[in-house]
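Following are the structures in question.
In the two complexes below, chain A is the common chain; its partner is chain B in one and chain C in the other.
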Partner chain A sequence: MKRVAALLFIAALAVLLLYVVSRMPPMGDPETPTATHVIPRYLEKAEEETHTVNVITGVILNYRGYDTMGEVTVIFCALAAVLAVLGRERRGVIHGFVDRSEVPSSTIVRTMVRFIVPFIILFSVYTILHGETSPGGGFQGGAIIGGSMIIFTTIFGLYESSRRIPLKVRAPLEGAAVMGFFLVGTLGLVGGGNFLTYAWPRVAQDLHPSLVVWLTVLVEVGIGLGGAMVLTSILFAMIREEEEIATVS
Partner chain B sequence: MGAWRHFPIFMITVPLLGAVLLPFLGYAKERWVPYVALLPLGASTLLGILLIGRIPSGGYLSYHMGGWEPPFGIEIRLDYVGLFLMLVVCGITFLALIYSRRYIDKEVSPGRRTAYYVLYLLMSGAMLGFVATGDIFNLFVFMEILALSSYALVAITGNRNAVRAAFKYILMGAPSSIIVLLAIGLLYSVTGTLNMADLARRIAESGYTEVLIVSYILLVVGFGVKAALFPLHMWLPDAHSIAPSPISALLSGLLVEVCTFALVRITFSVFTLGATDLVMGTADAVGVAAAAAVLYGGIMAILQKDLKMMIAYSTVSHIGYIFLGLTAFTAEGLTGAMYHMLDHGLAKACLFLCAGNFIYMKGYRRIEDLKGAWSQMPWTCFAFALASISVIGIPPTAGFISKWYLILGNVEGGKWLYAVVLLAGSILAAVYCFRILYYMFFQAGKEGAWEESWHDAPPAMLAPVWVLSLATLFFGVFSSLLIPSLLRAAAYLL
Partner chain C sequence: MARDIVAGIFCCTGTFFFILGTTGLLRMPDLFTRLHPSTKCDTLGACSVIVGMAVHNGWSWDLLKLVFIACFLLLSSATCGHAIGRSALRRHIPYWKKKEVKEDGHGA
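And then the complex of A and B:
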C-alpha cells in the first residue's frame, strides 16, 4: 500500500514536471528570455572586460566569482564533513597497507602506473594553467590530480601514497581555493574596488591585462591545488576507515 | 559611502577563511583551536555591531561583488531586517561557540574536534551569507554549505543514533536542495536572470505563468523542508535532539529561522510584485500547515519523555508561529514573525544549552530525572525557567512581545481563527514548560540523584546560558528599541 502510494506520488510529480517543461521557452530559440537578457553581454564583452579568452572562466571567476568562492567552500566543507564522520589518519600512525585482493597487482601494472602518473599530473598542471584560454581550469585540473592519486593508491597502497603527500602538506593546502579567492578579493578591495574586483581603480585607470590574467591564474591554481588536496584527503580518510572495519571483522 | 560598505562581505568571508585556516592550527596545536575559532566570529560580530544604525529601516545597502552591476554580477543586498537577523546569528553562534569547548571535549573524540570547529565556522559564515545575499543562485550556494555542515555536525559524536539521525536529515535535506535548485533553474529559464530585484521586475512582465507557479511552489516546499514546516518536519526532532547541545542550539535557534527568512526574501522581494495572486493562494495553504504545526508541535512536546526531544518539538510548534505571522500579510504580523525569530532563537538556544548542562554534569536526558535539579544546579534551573517563560510568552519577556504582534497581525488581517490557534499554542507551551519547572523546583529527586550542595556547570558553560536568558528579558523590556524600525521595515517589504 505504502509502495503504491509512493509510486502514484512520484508519477504525479513526473507528470507535473513534464508539463512544466513543455511550457518552458523552447530550447535554443534566440528569442528566449535567457538568450536576450544577461548572456549577450557575457558573450560579447567578456574578453574585453575580464581579459579571459574563455568566456566560461570569465563568468565563473570574475562576473560570478563570489558564487565560485561559495562552491569551493562547499568542496572544503565536504572534506570537513568526511573528517567529522570518519576522522583523519593520525599523525605518524598510518596503518600499513595490507593487500587483501585475490590477485596481487603485477609488475607490469606497477611499472605502468609509476610511469604514467607523472604525466597525468603534468596534464593536470596544463589544464589548470590554461583555464583562462581553453576549456578546463582549476576544478578539472584538481579532479585529474585527485584521480591520479586514486590510481596510485589503488596499486601502491595508502602507506606509499601518503608518504608522497603527507598530512603536513595537505593540511595547509586543503583550503587553498578559499584562500586564493580571499587574497584576490582583498587585493581588489585595497586597489580601490569592491571585494573580488580584478581591476584596481586606485592603482591605475586601466590595469595591464596581463596582471588581470595572472590574478585569474592565481585563483585557478588555488582551486586546483585545493581540490586536489581535498580529494586526496577524502580518499585517505576512507581507506583508513575500510581497514579498521576489516580488522574488526 | 565609507569603508563600512565593505563590512558585510567581511562578516561573511572571515568565518569562512577562519574555517580553512583552522586545520593547519589543528595539525600543530589542537588545544588552541577552540580559542582561535572565536576570533573570526568575534570579528564578524564586531563588524555587525559597527553597522548598526547605518542602514535605515526603509532602505538597503547594495554591494556589487567584483564591481559588476547586477544582474551581471552578484549583489549583496542588506536591508534593516537582514542586518537584524545577521546580528542575531553572530550573537548566538558566538555564545554557543564559547559554550562548545567544555562540552565538545567531553562528547567528541580528539581526532574529530578540529573538524567540529571547522564545520561550526563554515555553518556560521554560510548563515550570514545566506541572509545577506541578493542573488537567488548565491542563496542556493550558501544553502549547500549550510546543509552539508549541519548534516555532519549532527553526526559528529559518531554513535549509532547520531549517524542514523543525520542520515534521516540527509534523506529529507538532499531532495529539498534539489527541489530548490530545480525551481531556480525554472525561474532562470523564463526570466534569464538570477538577481532577486531583477527577477521581481522580469516576473511581472513574464508570460510563462505555469512555470512561475510551479517554481514558486517548489521553492516553498524546498525551503519548507529546511525550515521544518509541518508536515515536512520529520527530520527535525531526531536531528535536533541527538546533535551535541551547542549544535542543537544553532539548528533550532538559527538554522530553521534563517531558512524561513530565505522564503520571506523570495516571497516578498521576488514574487509579491509580479505574482500577487500566486503568493496569496500559496499563503492560504501554508497558513493551514502552520496552524497545524503550532498545535501538533505543542501536543507532541507534551507527550515527550526526553528533554531535548521536547524542546525540538517545541521548535516545530514555533516555526508554525513564525509562518502564521508571515501569512497574515500585515506589517504587525511580519514584525511579530521577525521578532519571534529573535526571541525564539535566544530562548531555544538557551533551553538547549541548559539541557546540555544537565547532560554534561549528570548525563540526565529524561524529563523525569530533572526532579529536584534545583538543589544542585540552581543557576542552570533559573536560566531554564526564564527562557521557558519567554517560550510560553509571559510578560515581561521578548516572547510576549512577539506573540502579541503575531496575534495582532492575524486579527488585523481578519484571520481570527489563527489568532485563536496562536493562543492555544501558548497554552500548550505553558503545559510542557511548567511541568518541567514544577519538577525542577518543587519535587524531590530520587535518593542520590542530585547533590545537596550547589555544584553547577563550569562558568564557561553558565555564562552563555545566562547571557541568552537575560537577553530574552532585555528584548522584552526594551522592545521599543527595535519594534518601531521593524514595523517600518515590514511596511516597506509589503
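And then the complex of A and C:
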C-alpha cells in the first residue's frame, strides 16, 4: 500500500515537472524576459553602476552580492563541518611527519616544487587583484593558492607546510571572506544605502569612483584569502586524520 | 600575411603532436610506453602552439607572457614525467612483453 502511494506520488510529481519543463522557453530564446531585460541591462549599465570593467565581477559581487555572500558562507560551513568531524590540531603543536610512501619523492621533484610554488602563489595574487578588470577573482585565486598548498603538502609533508602556515595564521583568516562581505555591506548601511550598496550613495556620491573599485578589491581579497585558508585547513585535517589512522594500525 | 601562414603552420604542427600523443596514450600497451607519447603533448605540441601564437603576436608584452608559459610548461611537464616514471619503476610495475599478449589475447 505504502509502495503504491509512493509510486503514485512520484508519478504525479513527474507529470507536474514534465509539464513545467514543457512550458519553459527554449534554450537561448531571444524573446524571454531574461534576454530582453536582464542581460542588456547588465551589459549596458554594469560599468557605470559598479565601476568594474569586468561585468562578471560586477554581477557576482555587486548585483548579486547577497548570493555570493551565501556561497561564501556555504564554504565556511563546509570547513566547520569537516573540522567538527575530524577535529582541529591543538594550538602550537606541530604534527610530526613520517614519509610512509613506498617511493620517497626524488630530489628533482622536491627542487621543482620548491621553485614553482612561489610562482603559483604570485599568479594567484595576480588573479585575485585583477578580478575586476580581467577574468579571475577571489574564488579562482583562492583555489590556486589551495592547489599550491596541496602540491607542497604532498611532496614535503604536513610538518613542513603547517610550519609555514601555522594555525594562528590560518584560524583568523578562514572567515576572511564572510568578514569582508559583512564589513563592506555594513559600510553601505552606514553611508545611508542598503546592505551591500558599495557606493554609499547619499554620503559620498561625488567621491572618486575608484573607492568603489577598492571596496570590490577588498571583498575579492577577502574571498581569496578565506577560500585559500579553508582549502588548506580541510587538507591539513584530512592528512592528519590519515596519519593518525596509519599510526594506530 | 606571411606571418599568419607561419603561425598557422606552427599551430597545425602543435595540434598534430597533440593528436599523436593522445592516440599514443590510448593505443600503447603499458605505463612506460604510454608515458612516452603523452609527454610529447606538452613539450612538442603545446610549445609549437605557443611558438605559433608568439609569431602571430609579434613583439609585444604578450610575447614575454608566452615565454613564461612555455618555460613553466616545460619544467612542470618534465618533472611530472620523471615522477610518474620513477614511481612506476620503483614499484616494479611489470613491463609489457609481446609474448604475453599473444598468449591470452588481452595483454597484462
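FYI, the second predicted complex is superposed on the first by the 220 of 249 C-alpha atoms of A that agree within 3 Å, B and C clash if a C-alpha of one lies under 4 Å from a C-alpha of the other, contacts with A are read in each partner's own complex, and residues count from 1 in each chain.
The definition used in the following text is that contacts are C-beta pairs under 8 Å (C-beta built on N, C-alpha and C of every residue); 3 or more make two chains touch, one makes a residue touch a chain.
Predicted model, so just to flag it, every value in this text is computed and none were measured.
Please indicate which partner A:C77 is in contact with in the superposed arrangement: first for chain B, second for chain C, both, or neither.
First partner only.
Who touches more of chain A, chain B or chain C?
Per-residue touch count on chain A favours B.
Classify the contacts of A:M112 with the two partner chains as first (chain B alone), second (chain C alone), both, or neither.
After superposing on A, A:M112 lies in contact with chain C but is clear of chain B.
Now for A:T154: first (chain B), second (chain C), both, or neither, which partner does it touch?
neither
Using the touch definition from the top, say if A:M179 reaches chain B (first), chain C (second), both or neither.
Touch status of A:M179: first partner only.
Which residues form the common part of the chain A surface touched by chain B and by chain C?
None.
Flag every residue of chain A that touches chain C in the complex, lowest number first.
102-103, 105-106, 108-109, 112, 115-116, 119
Where on chain A does chain B make contact in their complex?
16-17, 19-20, 23-25, 32-39, 41-42, 62-67, 69-71, 73-74, 76-78, 80-81, 83-85, 87-88, 90-91, 167-168, 171-172, 174-175, 178-179, 182, 185, 188-189, 193-199
Name, in rising order, each residue of chain B that touches chain A in their complex.
Per the stated touch rule, the residues are 6, 9, 13, 16-17, 19-21, 23-24, 26-27, 63-68, 71-74, 109, 111-112, 114-116, 118-119, 122, 125-126, 129, 135, 137-138, 141-142, 144-145, 148-149, 151-153, 155-156, 158, 163, 182, 186, 188-193, 202, 206, 208, 210-211, 214.
Which bits of chain C are touching chain A when the two form their complex?
72, 75-76, 79, 82-83, 86-87, 90-91
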